[in-house]
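Scrolling down, you'll hit the structures one after another.
Two complexes come next, and they have one chain in common, chain A, joined by chain B in the first and chain C in the second.
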Partner chain A sequence: MPSERAPVIRARDIEVVYPGHPPVRAVRGVSFDLFKGEVVGLVGESGCGKSTIAKVLTGLVRPAGGAVEYHGQPIRPLGVRRRPLFQTGIQMVFQDPGSSLNPRRPVGPQIRDGLELALRRRRQAGPGDPAQPAGPTANPGDWLERVGLAAGDQTRYPGSFSGGQRQRVATARALAAEPDVLIGDEPISALDASTQAKVAYLMSKLAVSQGAVLLFISHDLSVVRLIADRLLVMWSGRIVESGPTEAVWSNPGHPYTKVLLGAIPAPDGAGRLPAVPAGTAAFDAPPVIHDDP
Partner chain B sequence: MTPGLRIDSLSLSIRGEDGLTPILDRVSLQVGRGEVQGLAGESGSGKTITGLTVIGLEPPRAEVTGRIWLDGEDLMAITGRSLNAIRGRRVGMVFQDPTTSLHPQLTVGAQLTDHVRYHLGVSRAEALERAQTALDRVGVAGGRETLRRYPHEFSGGQRQRIAIAIALACEPAVLIADEPTTALDVTVQAGVLALIRSLVDSLGLAVLFITHDLGVMSAVADRVAIMRRGRIVENGERAQVFTAPAHPYTRELLASLPGATGGLRSRADLAGIDPFGSGDPTGDPTGDRPADAALVRDRPADDDLAGRESTGDGREEAADA
Partner chain C sequence: MTRRSPTARLWRAIPPGLRQPLGLAAGLIALAWLVICLIGPAIAPFDPLAQDLPRFSPPGEVSFLGTDELGRDLFSRILAGARVTIGLALVLVCLSMLIGSLLGLLAGFFGRWVDEAIMRFTDLVMAFPTVILAMVTAAALGASLFNAVLAALVVSWPQYARVVRSIVLGLRGNDFVWSGRLLGFSAVRSIRVDILPGTMGPTLVLASLDIGTAALLLSGLSFLGLGARPPTPEWGSMVSAAVSHFDKWWLGVFPGLAILTVVISFNFIGDALRDALDPGVAPR
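Entry: the complex of A and B
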């Protein structure tokens, strides 16, 4: 079981405060571990702090408190220079591939950027280094085929692909860097409904087969539920419930999780209006933690 | 006359450098009073443009044929400024994102009274009275004070309620709601859906509810039309469309959704989909468009869009979007 191994990511009591009047406490004491080869769903509604967690893990936001470690080393916040090579083992797929991919470069060279990161990391890392990429050397064409596109698509520009295809390209670019942590921040929200489950499944399958952990951040529980081993439910900057996906889904313990699950309309044709939440007062209840099986 | 909204064989093409691009192909729909007709489809299927065409907001260089009837009156015969007497008065519209559909620099009160005074010719005092009623109806509390506040002072859900209040302030017969809950959190969405349903039931409103979200559609619609590439491929009672879909495209669409009948009900069902297939937003899992083939087979008379079909390589939706 994962708990017996060292986590790839270890986050303890993260606090993030955004300046303002008054300052916004976006993350209020969040702790979690991510283990090799698992898919973890981080779910919650807008403003709950889930994207801020992604930014902390990639060094884009400096936490006001707490500690985040990647293979036991603290994650260095991004400054004016590029990220330390070691930390490029953490890769991210963003919500809108239309803006995260460079529209003026063909997709082949963009995937090659990822491949070169992996090569540089392999050269620099000593033998036995836990973050050292292990996979075989590939080329952009291989990666396009792995995500269900054609090797010949390398010369095409992002604009010539559909939304779902662009997100496949973004996934290929991120995975080409051979990360052992892949973070998807709402990676399927901008896609058509029929494509969402497919792209989510593709991301999880590829990440896991590469031995990476996938942190899948989404407000859409119905898809996350299908791919995640574990769920972390966030509300108002805190993790209010965590545990194996089926335990949380079938037996939600925290008032917020219950409301969140009850509000998802099912496409079953029953004509049932989702339950309207009575208020948020009950959501301050202590977090519910389901044990790993 | 038929009360409510009736769209008869609406076709729309856009004139461009290389001739006409067909966008809508003989779309027919009927929305009775007290009824929610859902119009679902993926991006680029033509659902938004159908709603816009009803209120005469089709894109420039569009060639439109067909008929649109509002309470028995032919809207296609009305052009130019005369349409202003329809838009916002007899047909209300709610859009996806209230942060852009509401004017950020005008108070809620101004936005709620402006068109009421224009359309109904009532005094300022009476318009304010009506604005107050409209806000009460959508469950935005705060009384007169609310009318002096600006859109940014409200949460997303409240803003959408205000947008609905504005759309309903002139007591229109028909409401066109284009993805009205898509920008909202699910817990907030639940409240807005309940509101729309209760307004339909209490005011006898005819609602054309446009969304890509079949879960939302299942919750709120009485009838559901499934649109694909400018065409309605299936239209029927909600329960029938969701539990016994007749068209192969509808079946494939549902099969790709978590929680749908024949859809992805558990993790094990994922094994049945091929994540590597390039089949993008067509609901066709193999990528070589059997849904299209079926569409043509089912409807031999529909071959006149062959030019458009033959260019179909999975990227047309992207170009439309």
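Entry: the complex of A and C
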């Protein structure tokens, strides 16, 4: 059972405040654990703080409060210096297919960046290191094939691929680094409906087969529920409901989740979560936590 | 795709701004000047330094463009001077581009105090009128061509720093830059792989726009006696020498025309390049 094992990611009471007038409290006390091999869906409407959580986990944003640990080590915010090798076990696929890859480099070398990182981590990770990657070495061509493209596409530039294909390449690049945490920050939101489910399935299949956790972020529940073992429902900077996908789906407890599920059309990828203004009193109910089965 | 003849393909390779009579003329003139930079002294009919022709011979008598107050052939001196004026302008532009881009990259990428410090300094330099600052610097360094280039460098790097910085600021927020950092890129690697290539196009456009200006600035300094020393055949100092012989119109007009055509033709090329690379900017 997950709760008996040490989590890969342990987040406690994360608070994030963006400076400004007035400052934006984007995340207000969020706690969760991520365990090896599971697919977790983080869902909620636009602006509820999902990307901010992803940025905290990757060190792109420094939390104002709380603690985030990766294999028991605090995550160091990314500064001018190179990212600590240990923490490169957390990788991310970004939302916008138009900027998730460098348009001026062929995709082969970009995937090779991930492979080189995996090599470095293998060389430097000590024995017994929980983040030490395992498995045979691959080349960019292998990775392109794994994500459903052709090995010969290595020399092509991102501009010659469709949005869905680019997200496949970005997935290959991130997974080539052999991370044990893969975060997809709305990686399918910009894709058309017919591609969304395919890319989502691919990401979860590949991540799970590598033994990684997939934290799949979306404002669209219809696809997430097909791949996620567990759901975290966010509203206004908080997690308002969490639990196994089936439990949340069939027995939503929090008023926001109910509204959210009520708004889900057929899982054709066209579903969009309802926008509910922050401060809507009806949703300030206590969080609902479904027990793990 | 329809098949095109080689000439048609060559035509398409020319930036649209140059594909009109005026633009084509400018391109050809600039090209001609660059060729003259390379082979000028070799095709000069006379030794540009030799003082053995009749003095003040008007154009067409002893030689094509006449002779100067020391009996040197004006045409040969202009041909030889291309290498000095345009050659040094190219050197100047390359150096400004290098220094300015480096500072702009650092400021844009690292932000915070690095940016503050570099941009404050850039603003300070830009606050002075260009020509006056260059003059003062050249005067302080002492009159020589080398010092004139240094003085021109002092005033011409800031525009590159500004442009490169603003491009870097735009690029830095791109997801692929963050992906690179997440894959363990050092700052240097990130700049080299994900940032620098994106700054190249606009920087080269700025540089080509700047060649004419640089030539003008260098010959201006020489005109003021702060650059080339006699007998170096430099266009600005040739115009300057002509001032004391105003009735001998050819002495000033021809070197002046040389400067003018360089400035105009290179500006044209820069404009055309800019329009070609950035269709968002309406042609002027």
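Here is the rule we go by: the second predicted complex is superposed on the first by the 280 of 293 C-alpha atoms of A that agree within 3 Å, B and C clash if a C-alpha of one lies under 4 Å from a C-alpha of the other, contacts with A are read in each partner's own complex, and residues count from 1 in each chain.
By our rule, a residue touches a chain if its C-beta (ideal position, glycine included) is under 8 Å from a C-beta of that chain, and two chains touch if they have at least 3 such contacts.
What you are looking at is a predicted structure, and each value in this text was computed from that prediction instead of being measured.
Asks: Quick one: classify A:218 as touching chain B (first), chain C (second), both or neither.
Replies: In the superposed model, A:218 contacts neither chain B nor chain C.
Asks: So, A:104: does it touch chain B (first), chain C (second), both, or neither?
Replies: The second partner, chain C, only.
Asks: For A:83, select first, second, both or neither according to whether it touches chain B, chain C, the two together, or no partner.
Replies: Once the two structures are laid over each other on A, A:83 reaches chain C alone.
Asks: Per the contact definition in the header, classify A:198: touching chain B only (first), chain C only (second), both, or neither.
Replies: A:198 sits against chain B, while chain C stays out of touch.
Asks: Would you check which partner chain A:96 touches, where first means chain B only, second means chain C only, and both and neither mean what they say?
Replies: second
Asks: Looking at the overlay, what does A:163 touch: chain B (first), chain C (second), both, or neither?
Replies: first
Asks: Over in the complex, which chain C residues touch chain A? Could you list them?
Replies: For this pair, the touching residues of chain C are 110, 174-176, 178-187, 193-194, 197-198.
Asks: Show me the residue ranges of chain A that touch chain C in the complex, using the header's touch definition.
Replies: Per the stated touch rule, the residues are 58, 60, 78, 80-83, 85, 88, 90-92, 94-96, 99-105, 113-114, 117, 120, 170, 173-174, 177.
Asks: Spell out the part of chain B that touches chain A in their complex, as residue ranges.
Replies: On the chain B side, the touching residues are 42-43, 156, 185-191, 193-194, 197, 212-220, 222, 238-243, 252-254, 256-261, 263-264, 266-267, 269-270, 273-283, 314-315, 317-318, 321.
Asks: Provide the residue numbers of chain A that touch chain B in the complex, in ascending order.
Replies: 45-46, 146-150, 160-165, 191-195, 197-199, 201-202, 205, 219, 222-223, 225-227, 245, 259-260, 262-277
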